[in-house]
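Note that the chains are named A, B and C in the order they appear, and that numbering of residues resets to 1 at the start of each chain.
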Amino acid sequence: MEKRVVFRSAWLPYFLVAPQIAITVVFFFWPAVQAVWFSFQLQDAFGLKSQFVGMQNFAHLFNDRNYLTSFKTTALFSGLVAFFGIAISLLLATMADRVLRGAMAYKTLLIWPYAVAPAIAGVLWAFLFAPSIGIVTYVLKGWGVDWNWIINGDQAMLLVVIASVWKEISYNFLFFLAGLQSIPKSLIEAAAIDGAGPARRFWTIVFPLLSPTTFFLLVVNIVYAFFDTFGVIDATTQGGPGQATNILVYKVYHDGVKAADLGGSSAQSVILMFIVIALTVVQFRFIERKVEY
Amino acid sequence: MAAVSFRDVRKSYTPELQVIHGVSMDIKDGEFIVILGPSGCGKSTLLRMVAGLETITSGEIAIGDRVVNNLEPKDRDIAMVFQNYALYPHMTVYDNMAYGLRIRGLSKDDISVRVKKAADILELDKYLERRPRELSGGQRQRVAMGRAIVREPQVFLFDEPLSNLDAKLRVQMRAELQALHRRLGTTSLFVTHDQVEAMTLAQRMIVINAGRAEQIGAPLEIYANPATVFVASFIGSPPMNLVPRDGRLLGIRPEHLEPCAASDAMLTIDVDLIEPLGADILVYGHVGDRDSARVAARLPADALAQAGKLALRYDPANVHWFDPKSGLRST
Amino acid sequence: MVENRPWLTFFSHTVLILGVIAVAFPLYVTFVASTLTLEQIMQVPMRLLPGDQLIENYSQVLTGGSTKGSKAAVSHMLVNSLVMALVIPLGKMSISVISAFAFVYFRFRLRMFFFWMIFITLMLPVEVRIIPTFKVIADLGMLNTYAGLTVPLIASATATFLFRQFFMSIPDELAEAARVDGASPMRFFWDVVLPLSKTIMAALFVIQFIYGWNQYLWPLLVTTDESMYTTVIGIKRMMVGSDSANEWNLIMATAILAMLPPALVVMFMQKWFVKGLVETEK
């Protein structure tokens, strides 16, 4: 789609896009190109000399057990976050769509966590689950669960998943609620007349009609788990214990900033870039399809 | 006020797609001209070239004695009324009308005088503080006109301004437009695909088909003497009957047919449909086999029409002949 | 609903109430902890009713930070956060609205090229270019400056696309009418396009305010100076290690302060907020 009307000016349009393009070039393209460049370089310990080493950094990465583990950790983490984030908010949205009374109030109460920074969400849950003083830890102890995420990797993973899901529920909830409210009531009524009970109606009518929303949220949640949860991890487990919660993004940061391994961190950046590109392509493919409907 | 002239005006949107194929015409100062044609024939394109909203591919358009081909719309001293009115949704009626004047740097008092006067003519005085969405379709239409009037331009350009109104309002606005033109006397170009609108409003009209001017003239003159098959079949409701005869096309208007005895018949049709309209009746039928020429006849209400054959005759003075190949009038 | 099934309605409310509790409980505990003394928090289990240390804790963090971790005053961090939360949305909207205007209303060479450049930034989040971006900021001398905190974050493909989408929906005739009225492109922009974009800007502002306020990785990278900490970073800097060593009462007071502004924005601008969320993702 293009506009029929256009204004003519030799310089004005360039002037108008200049700020955006300048920032994009300086802070997006230039660093991205550098990341690619660094990923083929090896620097000495003082960062004084560097030499071109081709694919060596990448070869190192794929021989590095820690890196491969980080891949698995990331897959597990984002799978859990996306699954629970979507399942819980779908349940809540379906219920909120059902109840006539108080739907607005529930909505208002449920959207709060969106305003909370991921890092703070991490801090809140770390406090609740703190091994010695946490109130949830106390309850768990009462149930005979020995809880200490600082030394138990699985529990650490559970903690960051809970914090990340908690933060993301409100977002998913809003989209599901909007999706549910756009389903024509007459469809549900027709199914009811055909004799379908509430559960059956949900699985045969509502859920299929929500599938575009669900798919969209799936991609968004995976992107969220990949990148935006950095704050959650950094404020709680910092990748530990061991490598238990060291997701890819955290590892890039850790290796680059804390361990000052420029080449290795850049190679990881480049791989992440490919992952983002793949996710973006999937997302846009999907949006295109949606437009066709 | 000014005359407008077209000199072999052409327009191509893309090199392959020419939509106006050389239109030439002189519009006199103060004249009300209607550009009539079916949808997609290039009426808007022609008008928008006068406005300066489309470039002119070749040829010349002059307003007064200035060739305007390379002038910006604002420098052409024209005002335009759009089909969807194009009112600024966030401005009041007053501001909508005043906007162009403010840009032209008129003083507050001048603007106020002009807007009040236009509002007075259009009976919009009570609505000046409203926003377009708080107005009815007819009122919005008037605001769009008001916006044109306050500018006191050389030429008014109207692009199907009445087609978004319901039938009753359209008739009323037609009358108002005529009154307005009598009062202001501004040269006006009015685009429409509705022949009734064209017939009632035009002093002269130009009938366009596929980017070509088929005929230019006063409405009744065009009705009485269509220059081409297209004009004959486009104007009139139902349009002129065109019956092949001796290698030519015989054209006769439905109202020029009358029933007669079979022995006097100049045209015999098989009746397909009869529509009583009250004052008269319309009889539709065909000559020869079903796929050949269709014929409509407007007969007095008391005419005895029934299914079967109907014998018709006409006064040869009312017949038009066309050449089927060129589509042009042949006598 | 179609039929009346009381037990189902009851079930729905139960689920929703559990959901609300799960959402609210951490926030409530945070608030309670921010009103207790450190000793009270250390008593397991911690009491779940607000204490009387509210004023003490909050005035301590606002003026002097924590005692064991960062001692930077949180009041100053709030100002820094506010700068980010205001400059980022305003900057983003300004540069996006004008570039979208150029893309929609002008035809110029390199138009598609620029458009794709902006599109590609969608695929380059800060997280994937951490080190080199840090270097660029360092080379430009923008570490520990407000410019360094905000400018790199104001380029935005999403906002540009959103405005572009909206401009495409403005009828062509409006621009034509403005041209006939004699308006220059920029005049049309100011008098017609901007006023029509008000709603969409409000929605975008709410979302971007939260985005700016909640930034974490970026300020972590470009600020080392305590005076440039944002509130979220400040909290992290107050954490000194394993669970019982932290001054949780002060950390929680800071967390409440850090959550309050975006929460208020969500609360009071809920309509814009929901619109903004749904629109930006279309």
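Throughout what follows, a contact is a pair of C-beta atoms (placed from the backbone, for glycine too) under 8 Å apart; a residue touches a chain by one contact, two chains touch by 3 or more.
Since this is a predicted model, take the numbers as computed values, not measurements.
Undergrad: Through how few touching steps can subunit A be joined to subunit B?
TA: So the least number of steps between the two chains is 2.
Undergrad: By mean C-alpha position, what chain is farthest away from subunit B?
TA: A
Undergrad: State which chain is most central when centres are taken as means of Cα atoms.
TA: C
Undergrad: Report the inter-centroid distance (CA atoms only) between subunit A and subunit B in whole Å.
TA: Roughly 60 Å, centre to centre.
Undergrad: Taking each chain's centre as its mean C-alpha position, how far apart are subunit A and subunit C in Å?
TA: Here the centre of subunit C sits 16 Å away from the centre of subunit A.
Undergrad: I'd like to verify one number: the distance from the centre of subunit B to the centre of subunit C, where each centre is the average of its C-alpha atoms, in whole angstrom.
TA: 57
Undergrad: Multi-chain contacts only, two chains or more: what residues does subunit B have there?
TA: 53
Undergrad: Out of subunit A, which residues touch more than one other chain, so two or more?
TA: 5 - these are the residues of subunit A that touch more than one other chain.
Undergrad: Which residues of subunit C are in contact with two or more other chains?
TA: 176, 179
Undergrad: What does subunit C use to touch subunit B in their complex?
TA: Contacts found on subunit C: 171, 173-174, 176-183, 187, 191-192, 195-196.
Undergrad: For the complex, which residues does subunit C have touching subunit A?
TA: 1-3, 5, 8-9, 11-13, 15-16, 19-20, 22-27, 29-30, 33, 41-42, 44-46, 48, 94-96, 98-99, 101-108, 111, 114, 117-118, 120-125, 127-136, 140, 151-152, 154-155, 160, 167-168, 172, 175-176, 179, 185-186, 188, 210, 213-217, 220-221, 232, 235-236, 239, 242-244, 248, 251-252, 255, 258-259, 262-263, 265-267, 270, 273-274, 277-278, 281
Undergrad: In the complex formed with subunit C, which residues of subunit B make contact?
TA: 51-53, 72-74, 78-80, 82-90, 99-100, 103-104, 147
Undergrad: Which residues, counting only subunit A, touch subunit C once they are in their complex?
TA: 1, 3-9, 12-14, 16-17, 19-21, 23-32, 34-35, 38, 88, 91-92, 95-96, 98-100, 102, 106, 108-121, 123-128, 130-135, 138, 150, 166, 169-171, 174-175, 178, 188-189, 192, 198, 216, 220, 226-227, 230-231, 234-235, 249, 252-253, 256-257, 262, 265-266, 269, 272-273, 276-277, 280
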